[in-house]
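Got a structure for you, questions after.
Order of writing sets the chain letters: A, B, C and D. Residues in each chain are counted from 1.
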């Protein structure tokens, strides 16, 4: 029986596209749409599926709050893969609808935010209604007697629900992308590939000025490059934050392991989210002393001096 | 003629409550409700009003994306005041409605997120509809033939629109609060009070590993305590962030001025958002060498040695 | 046959006192006086003896240049023990000499420097002659027809050479002390005792501003406390320095090993001098996150997360 | 009447050469030789002369202890100029002496240290006698019935005292140099030249781990490059150090002033020694954000934002 995967549905979401990228060989019946990010997490936790795919962050809107809330506060799961999907939006309506007919537009709030300029210019008086996903919006528009006149959604969603495009490429920015992750129950980590990402959440002691700088220093001093640092409220009142961090490297790499131990020592808490292959390409040239060969060379030197050899 | 203020309306929002806290003497006709955060900014920029009040961040949901987008990317405005308002939610309906009648609930997405637990337990099958504000939701529910059965809103909103409470205190956390700011066109800054906040956005050079640590170091080395650090995507693709920073102190304070100059030198760009009186109380004890008297003492010492006196 | 030890002689030096403290059971015939620090190092290197004892630093004069030069630039040896000896000086002369007879005073330059105040007040016109050690000075004064009238030396030296004290306790400071080390050929390190010192020399890349700060950061970030940092010219022209460093802990301790690997990566060169039991007591309370139990706790946590356990 | 200058004499020392470099127009009668570094300082302090010249550090031996002790602990004076002199040594004797006749060699201990290799190879059995300066050694050898057979001294000293060279260029390294400084009583500082050095002594609180790193950070964060960091015992027992620091720039430069104020705040004490023109050339390229134009640009920006202009 093939592995089954939950995703933020319904069918036709960008998330489904991400899942198909990550699991190209999965048969259609192995893909389980869920009505919300929290439902995807619940399916994975209850072992109803083998894994789940959810959006993590968007290049315009930032982190996806529901996903971050589950990763930070929910029962712990592992992130085992990632992929980034370019985001392009279309305004879909039932066949026969014209733009001037559109009074109520259904979509997901993040999609709405990314099409705000187009909407202000072209549909200044339309009411925007927030649904759980862009695909749900397309689906809702397709229903007979729908309360909505149009949906902002991905191209795939319009096709699936038999809608007509009223306007394509309506996002304010054409280079927007969303990053998705696959989550699984705890178990063996993906093997290192030499091009990995380690993801975690750090909770600094909040009575210590400069705590965040110390935290970043744990990575810097080991030459571990950070590719994402996102602050989130802990929920314990204004002014208290935790930090979602993505770092280059695999937790089994000695320098990443060192950095994480250092972090663990100085923080109130650290939640490890996983190590997995990077989907993009590295952008940063390591500083002298932190290139890949520097680490095993220093380890061999340490072994020699510990044995009393002079070196 | 009294100063006029735009706010995120309609009447009855938490934002109106914040505005009344900040401007207790403003007559009702001086308060101008707007349909969205972007509309408040537009009113202020076009000089339609003297100032505006918008939500900035919430202790559960984090930063308010629309406000941050305007502050970061829009035509520059100054933040000149702040206040924090405890957030308590009530489920309101038209008189005569019972909980079991509720199929469609209108509210703002942030309010929904903060009542998610209660909703799952008590209204698992209800459809949640996102409106521009909780007050708009209350207003919509109050309309004859409304598409919604109930609204999650502030107490004040229910009263204003003649709704009955079905359940009070339904937020998952009782200590939630939202922080609001007053924005104005550029002009003289509020005078220092000895208990101020300086707010800014820093855009690091993104080709420099450790750039964020250097950035934080500019504050740490001058003993300037940070009370908020929020990363936001710059919008220029995944992996590129700017940082919204709140620091203790006023830009006219020597050590804050020093820190900002240092920041300006090492960053690709810095946007100054304002210095204004803090609404809360400081939590952090300064480290030795960074207490208030340490700074003028060091300045006097510098004057002496520059004059050739030995000291 | 007992182990034989070279020391900075002749008999009667503070160095002999240090050697007797470190090797209380060594018979007199196993102690080999040498005429200079370089001769002690030469004896050890040529295997003429099993070890050697030399002065390393003095609390008034600083580092002992000859010892540092050998440790930094000579054929590598290990430091395997240390001891600190309080320094008290006596002015000795041949019996029958009075203070007013003293025209030429023999001593070691460091001793002279530490008695400078007393000399200026009491023997302002006397010529000071620098010999290889205070004991050599006492010996020289004792010779018939000596060119010197008096010697500044340790109490033990005066007794040994039959001299009379003219003035005791003549050091300008009464709390002066000298630190001595035992050197041996490369071989197994002394076992960790839980109260050890690791000594090394770091040669930063000198084209990198802030190199010393990065170097110190390698220790700080692992909570390794430094007890000595002494700059020395590399000899390659003005403005080029290396740094002699003593750190708390044994190179076999994980956090000390980590710090040394980090140092090795970022420096042009690092010379390990040894790990050995501390003679004094620790003065510094470790910061939160760098106490002894923090390190194995973080290691166990890392093992768990590497195995895919959530933690 | 011309200014008068004390220097470490007698006539013929490297120090005299340094003084003539710094004051090329001073007539011979304005140059006052003193018998020791402490005597030079005493002459300056008592206003017997207008200034003094003393050696500060040597590229082989390191800091000159007597000079550092006066600068660190003595009644405060200002350093107002510096120069570096290449150090070349000659073995001089009375005419008619051959190398095999040399049993006792007079010189200064630093000179001896720098010729140690040559001495070991060529005069292994000679007794080395430490005098106050190499010139004093040459003078002493020139006296009839001298107790010494030869002197290690500067070329100029041999000529002045009528001695013959037995061996020239006997230093172990040919690139050795000594740095000399001119000291004066407190008064107006030398004007900035755009190529200056600021010299000071920092006394960290010694109960604070990482104090030295914080201290260096005060300079690094303002882009102030350090050209010398020399630890010295405070004299208050083993393990307690102060740090002699030379930095690029003049105390009247804003970024140097900032760094010094920062240092003053975090240290137990800071002694300012002076700002004066550099004698050598700068070696370090400033990092982005710390070049000369970056500082006034940031100041102008700060003025704008303080005035409420958006920038």
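What we mean here is this: contacts are C-beta pairs under 8 Å (C-beta built on N, C-alpha and C of every residue); 3 or more make two chains touch, one makes a residue touch a chain.
Heads up on the chains, UniProt names are A, B, C, D = Prephenate dehydratase.
Quick caveat, the model's predicted, so the values are computed rather than measured.
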Please decide if copies subunit A and subunit B contact each other with the same set of residue positions, more than half shared, or with different positions, and reply same or different. same
Taking each chain's mean CA coordinate, subunit A and subunit D are separated, in whole Å, by 60
Report the inter-centroid distance (CA atoms only) between subunit A and subunit B in whole Å. 25
How far is the middle of subunit B from the middle of subunit D, if each middle is the mean of its Cα atoms, in Å? 57
Can you list every residue of subunit A that touches 2 or more other chains, as numbers and ranges? 217
Have a look at which chains touch which and call the overall pattern line, ring, star, complete or other. ring
If two chains touch, include that pair; go through all of them. A-B, A-C, B-D, C-D
What residues on subunit B touch subunit A, complex-wise? 38, 57-63, 65-66, 69, 84, 109, 113, 116, 129-130, 147, 173, 175, 177, 179, 206-207, 209-210, 212-213, 216-217, 220, 225-233, 235-241, 280, 283-284, 286-287
Okay, in this complex, where on subunit D does subunit B touch? 76-78, 186-189, 205, 208, 217-218, 221-223, 251-252, 257-258, 260-262, 264-267, 270-272, 288-290, 294-295, 297-299, 301-302, 305-311
